[in-house]
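We just call them A, B, C and D in the order they show up, numbering each chain from 1.
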């Protein structure tokens, strides 16, 4: 028996709150879970700063990665095996790609990527192909296997059916995170009938299609996504924490460039600041390390850095007002000027943050890309695009919704012991 | 209006996966939640190393503390208000004590307390009474209020009815953690009809009693506790992680005492090693800091420290066999000797771990204390101890169950390239 | 203390699968629940023939009535009490109207009303105002109270705020049945965050409005309704059972008019056939009685009546194909003629059934009426109609969807031992 | 392909609230579900009179029968297939026996069986072996198949492994009803980790055993059963309804024997009264028929019959007090005499009802039989009886609990307009 087909002597299971159990029978999968690069995902939260809004949202990306693997396993083992258009040789490739698809995520990806011009997808590729435990395991399958897995995740793999299982508008990734994030935040959105969807998924040439009898379950899934985006992922309090986090990173980088002497040297950040971080250094970066620095930097002499860190650690966040870029740019410029007068650096304390999505063409935070539509398999064997069949999806399809908010530290503006005039004027403009 | 009775202009709610919502109307409670000492509980996991067994168990003590507060709030607002034997002036005291009862927990309390001879209850007292943001808030109620809150938590407060709401065999603490830990681990134990229990709780002189019509709900609660202890809290894999964690702390302390030069100086641990840690230093200790060190120490030259840290970070845990102290002490001594021969230090790599509980007289890990029994309020107004009424509780009451396991690194014993004879002999004794 | 304000010495609770508990403290409510007219609702299923599609949907209207009462009670006791625009004197009126709003429903209302030209709303009025136990209880409150309750249910009551609690596009009635029907059928639709909606409902002059912060919960509720209509209420198999039921009633009435001698005389149906049923006779009609006759009529000599009854009792339903009235009327006429040739009476065995709804202007089966829109309460105190604020509701608002199906007995058409030519031609046209 | 192995062209599913979906692929199973004898189970409630206590408990035995089938299907298809000790030829036999195991249940079995000396198990046998649609389907498999299925249900089948799947202390029957009854009543008991139990069930010679790693899930299951018995099945209000139902049947039989002239002739009951009911007549008896009579008999001249029927239909039940047969027999005799004096016939209005169970040797109402213990499969391959391994099961094993209650019509005793002295004395003795 080859390593690729080796089974554990007894099936292993992980208790999972969302899928009840995650089942592992394949030796390769078991070995991948045991690698340090995969275990590191325990120290990266799935939802970044969301735990400051929804206190239950403390779950890690390892949690989610196991879930995506389990969904793909069920799609294949319970649904695809034995069907035309499905090649059983692709099974292990799908399982590995599902398990590893988020491997390159760093701490608070959204902010880190923006500030340091990183791309977690590049790191996923680099970890799979580099000098890592994951690579060692994958190579044991065969020498090109790491490349295949990497290509599936990068969506460049030749077999688009395989790609579509973890990257489409109704893939295992999205199905897991919607349910998982709903579970851990405790919101009542995010629920849809995944059991039904799994039952009606079919391999069809180069994509996964959905039997038209399952259309309503897919509609429900799309509505769940819409609600999760606006109720959870784009929650204004979460974005406030994200704004502060981004400004901490900006400030630390700025101070580094100005040769400021840190009490707590940001050793783990040097290569980030220089924007030439290695895979090895990247792997050492996790949210525990980041929190260690933020915790320590509360004692830095630089008052902006220490203040922002204290805000982040103690959840003393920025407040916000709605902001309309078409009408209020003059206000923003005046506010910028008034903040300076009030002794509050607008570069760090006055921030416009925008969120935007298309209900049936969502992007996840940090991802902007073209998305293939969902296709239905009609009783007569035809394949039709979802919005041509579903009136409700058609109604919302392509309707982009955008939201802008202006963030600021209300507590500083309420302290009228200094700069009273400027602060009063600011509060007047903000309407607070 | 005094600060003690001040209400928020609008009720605040936190979405909670277990209780749906946590409701806050009192200004004092809101201010306490905003303190740095309370926010710090976000960085202490509720279940220590359990997340290495049940990957969903990544929830923090802040999560749990809000839950206990909410239960006490419901007991009072929905049940006790207006009843004889209930003094409405005790409401705020109960809410604050509920919210703050775990304030002194440090990272991985169980292991840290054992190795460094700490007591989280002492720190809870010290934080409430010391120079902290929590103390400032409480003192605004009145100058003796911090002391009162501290005494309630310490169970020394004069009004035992108040004490019993957060410290009895069926208190808000236990009711929250059983349900919460069940939710996040995903196990099907831990469920009981809390709604029913809340409805039948009555204040009665110096204790909370349960109307006898709710006896079956209490039986179910006790069975849930039993199952959670053996299925979750005492899970052998969790204990394996705990064993390794303890040995890391022992090793670091040992190295410190031997003047070993750390690559990563354990600055945050010095006062722990000396067993003279201040409240201020203690507050800075959280699990992010601990993980930062463990992460870094993987690169230490000391091979025991780096090996143990790698095991912990990458979940390469010890395996175990059942151990009977009455029959197998000779085996243990022989194994100790053989481990030395095999070049594996038994002080760090051969560990007996014991768990023990009484189903209706449980202790929580790290707490050993006398527990008052649960009392039922009979229809005729009498009060009777639970096990005299419930045959099922009577049957299991006082039946202590103990479990001993012997932990060791199976992977090292499987490497027969060196010390083959000793290792073979060890494996023979262990039966692996 | 007057009867209107009398409280039970101890609160009564009913265990409810949807709301956990239904709480009763008011003597009047307790007495109404005990009347024979209310208890009769146990023998009327909430979802008519739906149990033949979703086997769990066997719940009664009593079940639902208690749920609507509980929701209204919570809206008032937990939300409205103490608010401006809310008159506490309206509480009991609301509770009684909620509890009794479906009192006039007969067995399988939808079909019975159509065939016998009844209106369950008229019977609700008649039972409340007539010589009934319910009337006796209500009159004890005060002599005009039955009239007030009847008017609230009829939506003619002067205080429109009171009316809107049980009759609006987001009332207690709809909130209960969506959740309850989802629970008992087991579908994953029908869930929305009622807790949140209850928290943001406000009395405002002559209507209940929703704080705009709860808009997303309302969107979710509207989507849930949409899904429940098409997935459950309009399910084609349920409609098949409904078609057969209607035809049984038509046949029995026809036979009665033709002086057919029944083996089992339809004593309980006589006044229905004559369309002059009294309240007293109506109350005796429940689904047990109807099933008794259908059960018995399986043995009638009239082959159409006995065949239809056997189909209904043994779930041997009609099959269906899509039907387009604009294009296929010619087909229908030809089929009618062919059915006659095949010896299958088209008046009973060839039926077009249509379902139609507006997602944000739904009608419930059997109800066609104007619906007031949902209003949001904006932060600045303004009131705005929902679809002007919600892009997703706007997108689907006013988009009517209609579905036509043609029902027929496939088994009869498959028996080619007789009338082979006609049957073959029929099957060709139907495409089966 | 033979009928026994014929598969449907496409799998059919039923939406089930407890198991999500019930899956049917086998033609035989599909055909059995379509028989009139199986469909009749829709008109027999699973929990008899329990709906008068828990209003959600309106679910039918068809509901439960599909659930037991689904569990057995999963045990076999997901667990047993391919294992040693499992003969794939037994699959269809198990599925059919599971589906049909309750086929002989009549309306309100418990009371009917007691009053008319029936046994639903005999009728199950008779229906399977008699001139029925079920028999026709089964015979198509092979001529002895009906007999085999009947023997499995009767526990006389030669292969005890097959028998134990639907008749043991942890069989599919019990696992379904505990969960289903908990779901529909809404109680929080009745939950246990069935997924886990299914995963650890193993065929082993002549029985199903449980891998010892699943012992805690089994303990939890046993506790769930205990709670369901005392909280739901033996609920005193349910028993009150049962008492009245039994007395209605007694009275009707008595009147029949006395040649009383019924307004509504109990045609369907004649053969019951004579205790010589045929299978054909039995099948026509369902709860709709019974309710039809009870509804009608409210108008009978016999005041006992009409009063009891009114009580049952309108839920005007008897009240109860605890009764100790060892101490209070004298009281009972005196009460009997006093009831006569008060003009209330004690034969119908003064009833002692007893419930009794063994937590780990339960009997279901109406079943008294020997039960085989649950066996654990130890890691070394040994098989051990559960209570020898589980301390908690051992503690409660064999501890019989019995409860006696005395039922009476409190409303009649409160009417002091007549027989004041006797009624006062009665109330004194009853302590009401």
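To be clear about the criterion, a contact is a pair of C-beta atoms (placed from the backbone, for glycine too) under 8 Å apart; a residue touches a chain by one contact, two chains touch by 3 or more.
In this text the structure is predicted, and so the values were computed from the model without any measurement.
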- Item | Chain whose Cα centroid lies at the greatest distance from that of chain D | A
- Query: If you tally the C-beta contacts, which comes out ahead, A-B or A-D?
  - Reply: A-B
- Please compute the C-alpha centroid of chain B, do the same for chain D, then give the distance between them in whole Å. 44
- Query: Between chain A and chain B, what is the gap in Å from one C-alpha centre to the other?
  - Reply: 31
- Query: How many Å are there between the centre of chain A and the centre of chain D, using C-alpha atoms for each centre?
  - Reply: 51
- Task: Name the residues of chain A that each touch 2 or more other chains.
- Result: 20, 187
- Message: Could you list, by residue number, the parts of chain B that touch chain C in their complex?
- Response: 13, 20-21, 195, 199
- Task: Spell out the residues on chain D that touch chain C in their complex, using ranges where they run on.
- Result: 14-18, 20, 34-36, 39-40, 42-43, 51, 54-56, 58-60, 62-63, 66, 183-187, 284, 286-289, 291-292, 295, 310, 313-316
- Message: For the complex, give me every residue of chain C touching chain A.
- Response: 187-189, 191-193, 195-196, 216-217, 219-220, 223, 226-227, 230-231, 359, 391-392, 395-396, 399, 401
